């Protein structure tokens, strides 16, 4: 099979390296270039192949059918434009073009926006937390089951790769091991705008309370979501089963999902169950994913496959 | 100083070993005996001293001024009775005598029940989660700030010693490392009855939604609590400062508390801050403690000090 | 392609589950049965497929072209015989048939014994430590570079899955995390007999000092080997390059190999370098592998591929 | 009791913070100042007390009876001189004044050099690895039991705090967790000069092969030492028992010492046992300590106590 050339900007971060691995293992893609400003000129060994990082300015954007931009928030937009002008389709993993940012790119929450992605040339890849939270809540908003003005409580925990490959003292092993803590408390996290914009688009009118935490693990996100309902639901998981029937990357379970079950896989694993002994009907929804795969590089490739007319699942491990 | 003799039943579990350590380091106590059914006859080295575990039946209960019972839930009550009949004061670390259990022992949430503990002969030591949650919520209930019928959302995470020293396959290193998961979801955890009973005693009429999680750390609990309020509060932490002024084991902070800050210490470290951008006034309260110290053995010793007429802080690290 | 049926006995342990994963992902194999005495009747979800564990007695041995026996040491030999009598080829992952055991099955240290494996019907799969140590030392023994009577010092460290899926208290998360310790010190480990027998077969006459350690990681072995030499060698790694040229599962490096570089891959990653400032010429050889892949299930599949006439690398990640 | 004033230069690193904790908990010392160039002006909360870090130039050296210099190697010597000139006694935790450095300060390996420390005004505190290795080997050199020209093999592993509080990418949680690797292989570690100089001073004439490793733990060092002997020894541990009788910070054990047994304590825990089945009589000596306590700040305080005429054990946990 003829392989389509793919380029990666920001290839030395955690999401960028994951993208390199996925592209190298993909049956229909080949790696045209991998650029990484801070490590330009250095080599990395990924899946037994040696990769040499270019400077972004030296990247032959025009040779790529598809470019993944895995650059810091704020730095991505101009590179998306350059790659697009050079004729490549683009999946941008930063927050620059996401809902709530003021920009207006098609949003690549693939299971919910597949048709819009298929026809796009630039796609905004969702944030890691929003991927978990929005896929978990969509069946409720689709049915108008969340009361207007209610507060949805999202307590989420992420492995440290979610903070990027940055040599910050608070991310050192000796600081993170045997620790656990909330950050951005009181609704001050960047991902709130993205989640609110998408929920608004679904017709939701609930408040969101979002408290992320830092876990002493390398990878994985678990979102623990409490949702008040307009009415009690007998078999809540049946809603998710109905909406996600046939979806290769949605995994439903009766047990609470564990990080160990989802790492290195492009899936969201979810359950939903009623909360007992409360006066207002309330659901607990739990959603787990690998922040670097379904929460970043894997979903980006899922979108990239659609942009290039390939099988959506190509090169991805369910 | 004359040292008072203390006995420990259930000395080989995690809480039991922590009690041994605390008693051995205590300036006013000496270890009369340490019994451990499953390891009877074995020796353990604790703080440089060798301890030999007795069978519980061989324990000279009458020689102890104070007995700590750190036995499995359901097995403790008869031993509490035997120790009490033998003339010892007793702090029971099991759930057998706690509020909501049907029994009626004085509850040893020391900062809130100090006077009742001082006059007691048997004290029910609080559970690890309830210690964090109840100390965190008390200033709100004391002021009637939680609306009747509102739902308080408690998402908590505990290190694995909270599950005890039990050779369960799901607690093996290779199962817990790099993992995170909820358990007892949908309000099915044993500690709910204890928390509800105490909250009821404070005049609270809120619902509780409690979702505990298992962390890949040895020790520590973080409770992330979202509370709807009857009205907005300007400087919420000032309430905690007022109520806990002078308390040696309550630590208030403007930042989110971290497990690393509380392990091996007999403190609850807490903060409270408003949740932004929600229609109903809402607080986020975060509380961290070491589940084996302030959440078990340390608080038990705090109560034991009071029972014996010693300084409440003796032998404890704040 | 027609897929050949494969059975697994002892499928619920760590090596057994890894075998299930590998067989399910293999392009030329299909899983005929997975038996697991202790978990018979239970189901496990592996790679998105649900597997039901049989009792070993219920396993249709005769339907399998190949059977992997991943049973406890001592329990495997009779099952190897039964599977062999039923007409299956067998790769045994226990120590029962290995060199030094008294039994005499062809030894599946594939890179060194490939031709003998190809013609065999039963293969003894090497231990995890011996795989690392013997592949690391072979180029020296092949050239007679290790002085007779010299002592080779092997200090090795393994992740806890090396101890199996056994609910032992000393393997609990809270016991292993933040710990490190030697075990079987003073040359008392089972794998010594296997290593000595193979080294003897290579004409080696050195003593072996082997000190294994338990690491707070799930997977991976690092062997740190110090070898006195008959003479100094200028570019030691060139020996390994020569002997392992073209080997898909041997990875040579100038840097010290890390566990992170080998987990989930069927490789041994090695380096060799001179020790400075010592009077006797001495090499340091470092070898890393994933104890469940190249050290167990992966190498077993490598051997199984040869037994079935398939490409040796089929279904394996280098 | 009148408390003597102590200053700390380099107080924000791991050893510096440990020193702050120890001084704050010490019954006979008070913290006069804590300087930390990179964090000057910042505050840290240590043992419930808030500490404000000064610039080193602002530190009132003359007000301290004792100054601990916990500065980077190469930067310490001038500050040692300034503190000494200002009239303080000094314990320097860097490598600048240690044996093998060319400088000539009394060496603070307290159990072996106690009398020289007592009369000194400046003491070079030993490195973490040398503390473990030299205390482990001293009983053999004292008896001339190590053959001239023999090679002593030291494979050691350290927690990441040994690398200091430096935001290096390779020390990030996501890089260290689930990893293990050798560093400075082939006898290229700085501590070799220190160990060789001290061994030479003991009359030893053996070669040293030293291979350190990085462990995924925060604290702790385990040294696994293989020593050829001039003759077999029946009960090897009896030598250590004889030499270290009455030493409060030396702990001897028949089992292999574990990191968990020594963290947060000022002890070296050791065993020695014969290696079986080798032609040349050989001992395995295992030594564990906390690299921040007995391997740095704790031993520094042990020396500081002697310099100030206090009880050597004051403020230290055995």
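Observations on the model:
Per-chain residue numbering starts at 1, and chain names A, B, C and D are given in the order in which the chains are listed.
Here, a residue touches a chain if its C-beta (ideal position, glycine included) is under 8 Å from a C-beta of that chain, and two chains touch if they have at least 3 such contacts.
These figures come from a predicted structure and were not determined experimentally.
Farthest chain from chain A, judged by C-alpha centroids: D. For the pair chain B and chain D, the distance between mean C-alpha positions equals 37 Å.
Distance between chain centres (mean CA atoms), chain A to chain B: 38 Å. Taking the mean of the C-alpha atoms as each chain's centre, chain B and chain C sit 46 Å apart. Counting partner chains per residue, chain A shows two or more touched chains at residues 175, 177-178, 216-219. If each chain is drawn as a node and touching chains are joined, the picture has every node linked to every other.
If you check the complex, the residues on chain D that touch chain B are 45, 48, 177-178, 251, 261, 264, 318. Contacts from chain A toward chain D in the complex involve residues 14, 159-161, 165, 167-169, 171-178, 216-219.
Considering their complex, residues 149, 151, 153, 155, 157, 175, 177-183, 185-188, 192, 207-209, 211, 213, 215-220, 222, 224, 226, 228, 256-260, 263, 271, 273-280, 282, 284, 286, 288 of chain D touch chain C.
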